[in-house]
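The data blocks that follow each hold one structure.
In what follows, chain A forms one complex with chain B and a second complex with chain C.
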Partner chain A sequence: KLNIGVDTIQHGVEGLSYLLTESSKLMISEIDFQDSIHVLGFSDELNKLLLQLYLDNRKEIRSILSELAPKLPSYHSLEWRLDVQLASRSLRQQIKPAVTIKLHLNQNEDQTTQVLQTDPSTLLHLIQQLEQALGEMKTNHCRRIVRNIK
Partner chain B sequence: ILDDPDLKDIDPTVLKHCHAAAAMCILEAGKQKADISAISTCLEDCKLDKERIEQFCTEYQKNKDALEILLGSIGRSPLHITDVSWRLDYQIKSNQLHKTYQPSYLVTLNVENSDSGSHPDVSFSCTMEQLQDLVGKLKDAAKSLERATQM
Partner chain C sequence: QRFRFCGDLDCPDWVLAEISTLAKISSVKLKLICAQVLRDLLGEAIEYEKILKLTSDARLESGDVKATIAVLSFILSSAAKHNVDSESLSSELQQLGLPKEHASGLCRSYEEKQSSLQDRLRACSLRLSQLGSVCWRVDYTLSSSELQEVNEPLVHLTFNVRDGERRKTVAVPMALSANKFRVLLAELKQAQALMNTLL
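Let's look at the complex of A and B:
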């Protein structure tokens, strides 16, 4: 339909995707983008189109690229259940409270599930430790670093 | 027991039988959480004299709690969480993506397997929001526990 050779189209598509991927990866500003493509000698109209294409698709391209970085299994969700053990084969008449937890994790498109258990005092300890972890981002130290790395 | 000098003169087979019988008796009493009177009655039926019964019961009382803890710990259960470690990172860039600027947490749940004593720890990464979700759910569980203990 376009009356151009297959090779030319392939090169065109590759060039375009390279341009957009690199620009999105580096998160370059509009001005930098415009300066970069100016060198190619296209018409002003084409340059405007390319800039618009970049800005429209930048976010999506970046989210796809973020999937490629090395990662550990990531948290998906957690379910919990309260149990009380009343007896076992080796001991009758028990009252042993326990919290059973189902941890859902994502690893590269697969969802895995782990069933774990803990006792009430460990549960409180976990909560305390993880609340401390959450609080860290609000400390002066972290705030200063976030402010200064831009 | 077989090496004890006081018991040297007794036939080792008899000794083994006695030991096994005593162990059975103690474990069964522990399992059923029997009280002293029940044990005494049982031993009386076995024609033990009063002094021996009293000695047995005193020793049993002394070790009852430890015995119950031991018996209670036998058995299968899901992997047990013993502790948690966390690490806070600030992501700057990767080779695929620059300027990411995101805090990220790495959480490791230290887990103990009652059967093999192995430590198959569970590690995962999460964002701040996800960690908040996790902590929120754990707090729900804790609140629910508190309410249950008040019933």
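Let's look at the complex of A and C:
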């Protein structure tokens, strides 16, 4: 419809997306954006259009870019069961409680599972350690940092 | 304040907040919505359009409709999980601010389906693998490359195991001599006797 070669259009699209992603990535101000594209020598109308395009879309572009960062597997959900081993081939009359846990993890839209098993005392120790980790947020050191980030 | 249907813990804030949304729906319609939510919890298909029609009078936004389904799911499955009888559930819901008619309608639906819900939850509990079926065959070996006259029976067993994680059935085949098979059978019979003492 535009009567231009495919290559030119491809370069145009690539150039435009590079312009928008770099500008959104660096979160540059209106004036900086205008100064940058002024160098390209386009008409005033085109410059205004590009600026409007940038301002309208930068929030969405930024949210998409934030999801591109590499991620570790993240917690999705947890299933557990409590069993008691009463007997085995080698030994009868036992009482051995065990907690079986199936951890569901998400990594970049891949769902993986990990099965773990522990006895109740290790589980209590685990809970204690995790509560201590949560408690760290309340120390003065962490509070100072959080306050400065906000 | 502790609630039995929350497992003797505090009621979650979001549940408390949504109780007021539930009160906006008429008690008759709430009972019908409960029936739909119970269908979903029991593994049947939920009819979302019916729920939308039932909530249209109360003029709920789409976010509120989803919140209603979520809070009803939570209340019903959590009550079944902790084996709460419908009277206690009704009084606890009224303590949280749900009007009496709404609470009794909800609890009547719950009471009808309580044992099916608990059966379903039991079936969904974590299970690593499950024996699907066992196939067997008894052969008689006449001769082999090592010995001309073997003349021994051989049992072929195949256990079809359903793997919980990968949702596939894996076949585990094995061949046993007569003696090995006798030992296996004796041990399994002992395990079965132990299981029967627990039933």
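A few points about this structure:
Here is the rule we use: the second predicted complex is superposed on the first by the 94 of 150 C-alpha atoms of A that agree within 3 Å, B and C clash if a C-alpha of one lies under 4 Å from a C-alpha of the other, contacts with A are read in each partner's own complex, and residues count from 1 in each chain.
Please note the rule applied: contacts are C-beta pairs under 8 Å (C-beta built on N, C-alpha and C of every residue); 3 or more make two chains touch, one makes a residue touch a chain.
Everything numeric here is computed off the predicted structure, so don't read it as measured data.
Of the two partner chains placed by the overlay, only chain C lies in contact with A:T113; chain B stays clear of it.
Of the two partner chains placed around the shared chain by superposition, chain B and chain C are both touched by A:T100. When the two complexes are overlaid on their common chain A, residue A:L86 makes contact with chain C while staying clear of chain B. When chain A is checked against chain B and against chain C, the one touching more of its residues turns out to be B. Once the two complexes are overlaid on the shared chain, A:V13 sits clear of chain B and of chain C alike. Put simply, chain A uses residues 79-80, 89, 92, 100, 115 to touch chain B in one complex and chain C in the other. Every residue of chain A that touches chain B in the complex is listed here, in rising order: 25-27, 62, 65-66, 68-75, 77-80, 82, 88-94, 96-101, 103, 105, 114-120, 122-127, 129-131, 133-134, 136-137, 142, 145-146, 149-150. Against chain A, the residues of chain B that register as touching in their complex are 30-33, 68, 71-72, 74-75, 77-84, 86, 88, 90, 92, 94-101, 103, 105-107, 109, 111, 122-126, 128, 130-135, 137-142, 144-145, 148-149. Of all the residues in chain C, the ones that touch chain A in their complex are 125-128, 165, 187, 191, 194, 198. Against chain C, in their complex, chain A makes its touches with residues 79-81, 86-87, 89, 92, 100, 102, 113, 115.
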